[in-house]
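Order as written gives the chain letters A, B, C and D; numbering starts at 1 within each chain.
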Amino acid sequence: MKSTLIDKNRTYGLLEKYKLVRKWTESICSPLQIEDYVVQPIEDVSPPKWHLGHTTWFFETFVLAPFFPGYKPYDAKFDYVFNSYYETVGSRIIRTDRGNLSRPSVSEVYQYRQYIDSHIKQLFGDTSADNALLDILELGINHEQQHQELLYMDIKYILGHNPLFPAYSHKPVFDEIEVSEGKKLRFSAGIHWIGFESDNFCFDNELGRHQVYLDAFEIAPYPVSNADFMEFIKDGGYHDFRLWHAAGWDWVNRNSAKAPLYWQFVDGQWMQYGLNGLQEIILKEPVCHVNYYEAAAFAAWKGERLPTEAEWEVASEQIKWGHRWEWTESAYLPYPGFKKAPGAIGEYNGKFMVNQMVLRGASVATPKGHSRKTYRNFFQTDQRWQFAGIRLAKEI
Amino acid sequence: MKSTLIDKNRTYGLLEKYKLVRKWTESICSPLQIEDYVVQPIEDVSPPKWHLGHTTWFFETFVLAPFFPGYKPYDAKFDYVFNSYYETVGSRIIRTDRGNLSRPSVSEVYQYRQYIDSHIKQLFGDTSADNALLDILELGINHEQQHQELLYMDIKYILGHNPLFPAYSHKPVFDEIEVSEGKKLRFSAGIHWIGFESDNFCFDNELGRHQVYLDAFEIAPYPVSNADFMEFIKDGGYHDFRLWHAAGWDWVNRNSAKAPLYWQFVDGQWMQYGLNGLQEIILKEPVCHVNYYEAAAFAAWKGERLPTEAEWEVASEQIKWGHRWEWTESAYLPYPGFKKAPGAIGEYNGKFMVNQMVLRGASVATPKGHSRKTYRNFFQTDQRWQFAGIRLAKEI
Amino acid sequence: MKSTLIDKNRTYGLLEKYKLVRKWTESICSPLQIEDYVVQPIEDVSPPKWHLGHTTWFFETFVLAPFFPGYKPYDAKFDYVFNSYYETVGSRIIRTDRGNLSRPSVSEVYQYRQYIDSHIKQLFGDTSADNALLDILELGINHEQQHQELLYMDIKYILGHNPLFPAYSHKPVFDEIEVSEGKKLRFSAGIHWIGFESDNFCFDNELGRHQVYLDAFEIAPYPVSNADFMEFIKDGGYHDFRLWHAAGWDWVNRNSAKAPLYWQFVDGQWMQYGLNGLQEIILKEPVCHVNYYEAAAFAAWKGERLPTEAEWEVASEQIKWGHRWEWTESAYLPYPGFKKAPGAIGEYNGKFMVNQMVLRGASVATPKGHSRKTYRNFFQTDQRWQFAGIRLAKEI
Amino acid sequence: MKSTLIDKNRTYGLLEKYKLVRKWTESICSPLQIEDYVVQPIEDVSPPKWHLGHTTWFFETFVLAPFFPGYKPYDAKFDYVFNSYYETVGSRIIRTDRGNLSRPSVSEVYQYRQYIDSHIKQLFGDTSADNALLDILELGINHEQQHQELLYMDIKYILGHNPLFPAYSHKPVFDEIEVSEGKKLRFSAGIHWIGFESDNFCFDNELGRHQVYLDAFEIAPYPVSNADFMEFIKDGGYHDFRLWHAAGWDWVNRNSAKAPLYWQFVDGQWMQYGLNGLQEIILKEPVCHVNYYEAAAFAAWKGERLPTEAEWEVASEQIKWGHRWEWTESAYLPYPGFKKAPGAIGEYNGKFMVNQMVLRGASVATPKGHSRKTYRNFFQTDQRWQFAGIRLAKEI
């Protein structure tokens, strides 16, 4: 971590970043109708209004309340409404109840944002801050960037599960790539360093940087395409238990799973809901919205496997990544030397290190500047609403 | 039922009533914010937006589609979104999903209402209609009046379960009464006629009119007050299993029930959420928002019982009623000679005649002109969000 | 109720009956293997071992503990294991857990029975008892007879849901009848007395005897046959929502119901599991193991309805009954003047008077001497494991 | 894997082992009463009768059916009853239903065992077999040994959750140790080989043998004692969310967890159910029956962590192990080069490699000769009925 000296340039830079990030969050929401801000169709998906409030609450609770002299909370009850999971900070609304709250209204949430923004500008605008405080501000900014991706995920879920299939936008929202076949990349056996290494920001779970021994392996230069995955479906992949984990096979049967999330079989053809509405599937794009079970079953069908997160990181500079989060064969566990921060901030990552799998890379929905090769994303094995795809690897 | 002759006066009268009722529904919603129209905190409570659409869909489906020459539906998908439970009419969104739908938007639902209203006015405005069609129109009007009461119930639930306890209005919404003690009214044993008797509108479940033999009984002239019910609580009513049905006792324990819905114990005092916000309990008002189990347990604590629906109807002209729906000791079952109408309209009442109890009277939230002494309301035994209270009776 | 005078003949008679009934319970269990005594495949079905113990516990708790001078309980923990639902008497094992108990063993339960039997014989054998005590003894005997029928029901469920379909016996267990068509019996409108009337034993729910007014009705002399019900199935009865209550239709879909319980479609033919094993359905026998929803749907398909319990009782001397419990159109509610006994005995019937329907008559599994025309049996509307059938009625 | 040559000595040795192992399974069950063989108190716990049948079915299905000339199955329906999870082999009874089956009876299951045993002896007794067949026989023997430990686990659960707390035996069943403090063992950083290496039997999940890089670490020579764990309880360990994973904290609250499984607070003192009945806790014995969440929370409370499975294996020759399965910080995932066997045997381990944690070592309930340092046991993170304890480690 950084020293606690006063740092003028860093203060200025972070405040500028703060303003840009806060504005971008609101840009993401600008095409929404008021009604879209409110609903929570499943427990994992939060109402957009809640994201707007929760990211703001983070700055209020961890920056303003302790550091702004004489700070007066916007509304004491918001603590209860917008806390997500910080046990340290007090009781909170249970996650499944977020979609029951019509109030505070959307416009009041925007007022809350303005109130916090103006205090943050006041706190950091006319003076420089010490590094300990700037560390929390920077964490808050990165936290809000994570929720920007969650906003895209949740908006897509809300609109994509509405029987009217409304479009979020009529213009392209994301930059996509075309998958090429490409030759497998080969890496020989040996010791590698992995984990974050620099003075810049990273999440606690990217540390400590440490060595791993890897056997020789090969890895695909591109993620798996929609065309590839359609082959898997046509070949009966969702009907062959031998390809699946036992828990995955249960998931298939309980949900009658037949295709990735948002795929719809309409009049004899596979269509896909995207933020532009229901459209034909583009075969050359990377497959999206598969869970770990589907990713692992696809790899088994190919006679290959998913890369480990260490393999992925070692190969990262030679592969094409950034359009889909990529499931790995690595469970989300602490690195050697991992340390939790004291207090509520320590709840950020460590307490989730069980029964989830690591995803590496970034997706089209990840904010610019928020990705790096050491970033460790994680989801439960049955979740599909994130922009997740598949990359293949195997031992040589 | 009525003949199918053309009836000019009836056409005119019903169209005027249609306009008033449709307008009143929108008046009820006028204090809401857009967000309040959308949420569904529990399965029983529907989003106000859904009520606005569903009552409209009823006129579209049962009046316009079959009888308006060349009628063009507003949006074919609304059939799926706004059907409540009519199996005859096709598939429908499951009840627990209504609160997941941000679209159609509130303003689009209002446009839908206008579209239907203008067609209804066109259909009935310039000519007279035959009685069979008018019967359906009249049913639709009464159906919408039922949903007006549901709107009050659901709005109260939505706002009253929000941690901010927002007020629906700052002016009194309902006319309340003060409960007086009053002497018990006595009725001697004998045969009585019950059920609807006139040419006016009634629901199918109020027929056939028939005779019942009643033993001598006495009945209270007023419903039970908040003060009475507070005595029950203080005397440990919620902790004494002997007062409860077995299923009621399970309900108490599963829900840690301690008081009627909307009662809150704040700083050593019982408060009550009402449409004006969280306020002190007015002791002389009739108790409200109790379920059948609570009503029956209260009566057992008093050494009395609830009246049967026949007793209630026989006594109805001598008791003070109309401020609370009153739980009776009668299960909701068909009267002798009950007949279902053919087709979807036949699904209106008959298919619910099992495992529910009859409530008689009307409540402060019942639209004017929608109550009568033969009206049979019904709810499941654990439901409390309706404006229901208690009246005592016993054998002599 | 009876006076509390000493009654020598009654004492002698009841003790003789006690011995016969206790012995018959054990006869019912005699074909079982030890393993059959232990399992509880669904919550409603109790392990036979539990019935043996619970009926014994009833005598220990309500007769011996209070009335046998210096009585020493067989095992203090049995109170916890064998209490069924008497809240007054203390905590009890939850119903879903009964099948988890391998101990006390079957042989120990039989020892417990002997211990209680010998104390009962000692208490009543050498002297006469007062009527208050004899009333409890008589209730205990009737209680055990009710569990004799439950034993048949539960044994049938346990063996009939085993994939090996073992037979309980290779000889006929019950006397069956053949259904005849017969002419409908007609009753004209008027006032009738119903409810129990004599000095003999009855359950509290058969009182008070009271008058009812009935419209004219007709009723079938025989219950509905398997052949009749097969017509209903062939005509698509389980696929036509118009015949069903809304809750019944949910039940059909949730359970993919296609036929009565124990019917199996094997190699193109309907078979039926009975206590003699899996066998061909005998078309002329009364249909069995249908729930209220199925009974009501069948009646709707015929354009008729189920009789009310008052109609049934009025007609009882002119119809053929006793082979199936017959679902009625009457909810299980207290009669006018119904009184609960004080203490635990008062929990016997009254607390179940909600959300159940009355069945009248008796079945092939009902012990001899345990049926009468005023007997009010009751089950929840979705239950099918009792020996229940259908009789048709309608208004004239 | 081994070649397919004929091997006479191996045939003889395995048959002898087969006989011993089969006999030992029955010895474990010998103190049971018939009733104990039948019940299934929770889904994870199978009836002992089922274990006896399932292990037998394994030999019938994978050895006799394919290799015994003209083999005639004991009972075709047993395939359905005793298949556990092999999708390849056909449909099977769902796991939660095993405790509903009173038949086949215990004595019939023992007859089934004899039938299979006599065929196995015939198949392997008079001739030598090829190695491919011997491999399956050996797998079956090891499979039965795994079920021997499951038998102890399940019997303990069945008797230990009975309100009568019956003892399985009145003599000591297991050899226990006393935990000593001991000095931490230190290992410097470097590359190590892990995984199975020899021609003897191992499970597929112990392969391929491969290299790992480990940072320097220290590890405790003994597992954590009951006294240590009691300190954790006294210090409020079950009430401090900071020590727990988020999922662990949910588990604590949902289950009101306060102590390891089988601990009971009786009259102001912690007691523990063991196979000898309810007894005082022996402070010096290793703590037992904790789940992964509890193990990790305990380690966090100590400021340490659990070892990884690689650290454990590297240290294994210098630590005292074998009395408790030891939770590690490693998720159960395939080793580099892991291969599933073709067919049903391939379902043995691989399909469970998700959302479980590895346990290393062995327990007092593990059969003699069934443990080795490379053995990878695995359970879900909330399970406690296995004989699992805790060992501490940390980075240096």
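A few notes on this one:
Everything that follows uses one rule, which is that a residue touches a chain if its C-beta (ideal position, glycine included) is under 8 Å from a C-beta of that chain, and two chains touch if they have at least 3 such contacts.
Bear in mind that the values here come from a model prediction, so they are computed numbers and not experimental data.
In summary, no chain was found to touch both chain A and chain B. Put simply, the chain farthest from chain C by mean CA position is A. Centre-to-centre separation between chain A and chain D, using Cα means, comes to 37 Å. For the pair chain B and chain D, the distance between mean C-alpha positions equals 59 Å.
Touching two or more other chains at once is no residue of chain A. Contact between chains, per the stated criterion, is found for A-B, A-D, B-C, C-D.
Partner chain C is touched in their complex by these residues of chain B: 85, 87-88, 189, 191, 210-213, 215, 241-242, 244-249, 292-293, 296, 305, 329-331, 333-334, 336-337, 346, 351-355, 357, 381, 395. Chain C contributes residues 33-41, 49, 77, 80-81, 93, 97, 99-106, 158-159, 161-164, 166 to its touches with chain D in the complex.
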